[in-house]
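In the two assemblies presented below, chain A is common to both, partnered first by chain B and then by chain C.
For the complex of A and B:
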């Protein structure tokens, strides 16, 4: 559905590239995550794909539409949820959606149904001026669903949301994906990437460092640990033992044989730990 | 495409209404109408009071007295007094006054002007010429002079000074203000970043810009119709007026769009917006002094526009000025619309 080959972009039109030699493909029905810290090149790549930035060098296509000269039909296929809540503040939530649906020449969703989906039905007729940040974020999110997009670009979709709203949004994303939507997710939130994505690309300083599924990344780069709570001399102790270190394995075996263990959990490396291991920097 | 255009237009009207654009336009029009009707005088010519004393007793006495009596009847500010001293006395009391004594010198009628001393030479000359003309006309009354009037069927009323200001307002408010308003509107959308959301929809730039231009035309026409109806009533040629204001608004809106495309905020662009407004206001000088029309003024679009508006507001039958202005503005609007699209493609999208 999305093909990107040798993509470069420079804001200063020279060799100072913001994204450099980016290559990836997103399969139909896949949730593909672009994980990286601020300024890594996530948004630049997405902006090129959705036509907000020109394609300077390289090739990119969405559903076989060359994005160098994007056709009107392409924009009927895609939906974009922006991180910045860019809605008309003087219009109500409902008016914003009513306006936006008129821009499409494909079947659109009922605006009230969408607002209900994210708990904005009671604020439907209230001017967006009076919305909280979370409400605006939800409005932008459902606006991107108005044309039932086949390819859905989500930029930090849970940013600024409370845990309940974030959970609702994740649920909607999973449902849409089940219905067949291909999703391109840019985020610096390792948890949402881990939870939602089929594959993840680590992007750092404009370059893709690696692409794989969260599970494979953890297996490949993460150190398997066992976290144990045990009693010794009447005191509760906590310790982590590596599953690949012989000495740790021996100690764990001895704890198991003495029956001192109270709780025991396996622990995988987080995507952030793997990101740090691969790129040498964190996701913040 | 039409569905998108009307969708955009409805949204733009709602947004501008809630941002009080309509209220501002109607309010400004009403203020201007009040100024025209109640503040600016109908006659702005500052004519001095004239005190005259008629002491001539020669053979042309009756004829010359008639000239003065006629002037007195025609002009409220011409007053007969009983002596030269009385003239001087009145002139001391009223500094904006002059005196005339109709006397005799070498058996010939002699007209003496008594001036304050600080009068404009042009005023003095025109006064002397005017008196000479009046007297000559009387003396040569037996000579038959035929005057052939072209377009004799047109009964031209003298346009009062205050109402004559209306075409300037119609150039300024619906057209030039449209230039500022559309820029303000674009900056508001840039600030909200709503144009980004529009860019990732199937909507295209020509529709987006056309909707904004249409809004400005609507605002311009509201302002025009209110002010024209309240100042001149039904006397105006409304069809011509609507066509001229529509084209003028389209052109000014395109200019506003082009300027706005280069900047992020109104504060950064204000110097350009003001500069454009000042340059396009220069032809107003020619409106009040038609003899002052150097090439650099005549090439400005507002030059012909203001005269076409005057013809539409105070019709004299000179449709040529309207036709030529309409044709010019059709061409200018098409060119500026094309340039606005290019400017947006380049400045708003690519950068």
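For the complex of A and C:
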């Protein structure tokens, strides 16, 4: 669905590349996460793919449309949810969607249905200027769904949302994916990437460090730990035991057999820990 | 086409919801109403009479020797006319067949005295000794009227461009232009959609201004064509302001520069001797000014209209070509 080959981009039109030799493919129906810290090249790559930045060097195509010269048909296929709440503040939420839907030459969704989906139905006729940050984010999110996109670009879709709204948004993403949409998710939020993505690309300093599924990454780079709380001499103690270290396994078995354990949880490495391990820097 | 109309409709909705922009749209009309209060005192340098048709053709012709005569069929119509803002004396016959003057009460001395003297001369009571003589020097309208009118017309046209600029700045500031750029909308559709407001609002404003200033007796097709051609200048300038200004404050600063150039073309065209007008040829609004001057004073020919429009379009296209890359980049 999305093919990127030897992609380079320089904002200064020289060899000072913001993204360098990027290669990846996204399969139909896949949720592909682009995970990396600010300034890593996530947005640059996405902007090239959606036509906001010119393709300077390399090749890229979406659904077999060459993005060097994007056609109207391509934009009917894609939906883009921006991180910045870029809506018309003087128009209401409903007017924003009504305006945007008329830009497409394919069947579009009912704006009220979309607003209802993210809990904005009561604010539909209110000017967007009076919306909170979270409401604006939800409006931008549903605007990107107006044309029923086959390929959906999501840039930090849960940024600035309360846990409930974030959960609703994640639910919608999963539903759309089940319906067959291919999703390109750009984020520095490891939890949302972990929860939603089939595969993840770690991007750092303009280069892709690795691409794999969250599970494989954890298996490959993570260390399986068991976190235990137990009582010893009347005092509560906490300890983590490695599942690959023989000594740790013996100690854990002994605690289990003596029945001193109060709580016990398996603990995997987080994507952030793996990212640090791979790139030597954090995701912030 | 739907997208173009959609963009235009959005711009209109957005503009009328912004107090500053709404004020800018109606400002030329408000200024025209203000100007209307100044025009009569200049116009009343010539004598005007509102005559009841019952006074007879002989009397009407006699009054025509001294000034402009408007003929009405009833005393009510004469009163309505006299009540208007300029100075005019109403003359009718009463039940006894005597002449009667209808005045508002605040007329200048001559407006009251001269009709009286004319009437006395008609009824034979007095030899008329009026210190007026008429010499036609080709002036159909007071300078305040035509200079003020044209200045307002060019202001209305310039404001059309400013509206485009402010709407583009809004798109840039809110980054909504990015959302449009990832939709199937083409750049040409965007440019045309954004331009409509800068053409339609000036056309509406220009005709309202002419109506307010009682200038609708000119060649309205010429007015329409000249307004259309001139508004293209506004469109290009509007896009330039839009793409070069990162926010509304920067936009307003750029507008000041624009008004300086537009103002120079108007003031230069009025104050400079004709032999020095070539210094203003590079400003498209100079050609608009002399075009509208000819139209309002009814001294222009279609050939001249063609020449002026050619100048306007050629200069505007040149400006567009010079800044085409900048505009393209700014809209990306």
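Note that in this section the second predicted complex is superposed on the first by the 284 of 284 C-alpha atoms of A that agree within 3 Å, B and C clash if a C-alpha of one lies under 4 Å from a C-alpha of the other, contacts with A are read in each partner's own complex, and residues count from 1 in each chain.
As a convention for this text, a contact is a pair of C-beta atoms (placed from the backbone, for glycine too) under 8 Å apart; a residue touches a chain by one contact, two chains touch by 3 or more.
Since this is a predicted model, take the numbers as computed values, not measurements.
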Fit-or-clash call for chain B and chain C when the two complexes are aligned on chain A: clash
Touching partner for A:247 - first (chain B), second (chain C), both, neither: neither
First (chain B), second (chain C), both or neither touched by A:102: both
Touched partner set for A:235, first chain B, second chain C, both or neither: neither
Partner chain in contact with A:88 - chain B first, chain C second, else both or neither: both
Chain B versus chain C as contact partner of A:76, first or second or both or neither: both
First (chain B), second (chain C), both or neither touched by A:178: neither
Set of chain A residues, in rising order, touched by both chain B and chain C: 50-52, 72-73, 75-76, 78, 80, 82, 84, 86-91, 95, 99-100, 102-105, 127, 143
Chain B - residues contacting chain A, complex: 3-4, 6-8, 10-11, 14-15, 18-19, 192-194, 196-204, 349-350
Chain C residues touching chain A - in the complex, by the definition given at the top: 2-3, 6, 10, 13-14, 17-18, 170, 174-176, 178-186, 332
Complex contact set, residues of chain A against chain B: 50-54, 72-73, 75-76, 78, 80, 82, 84, 86-91, 95, 99-100, 102-105, 127, 140, 143
Touching residues (chain side chain A, partner chain C) in the complex: 50-52, 72-73, 75-76, 78, 80, 82, 84, 86-91, 95, 99-100, 102-105, 127, 143
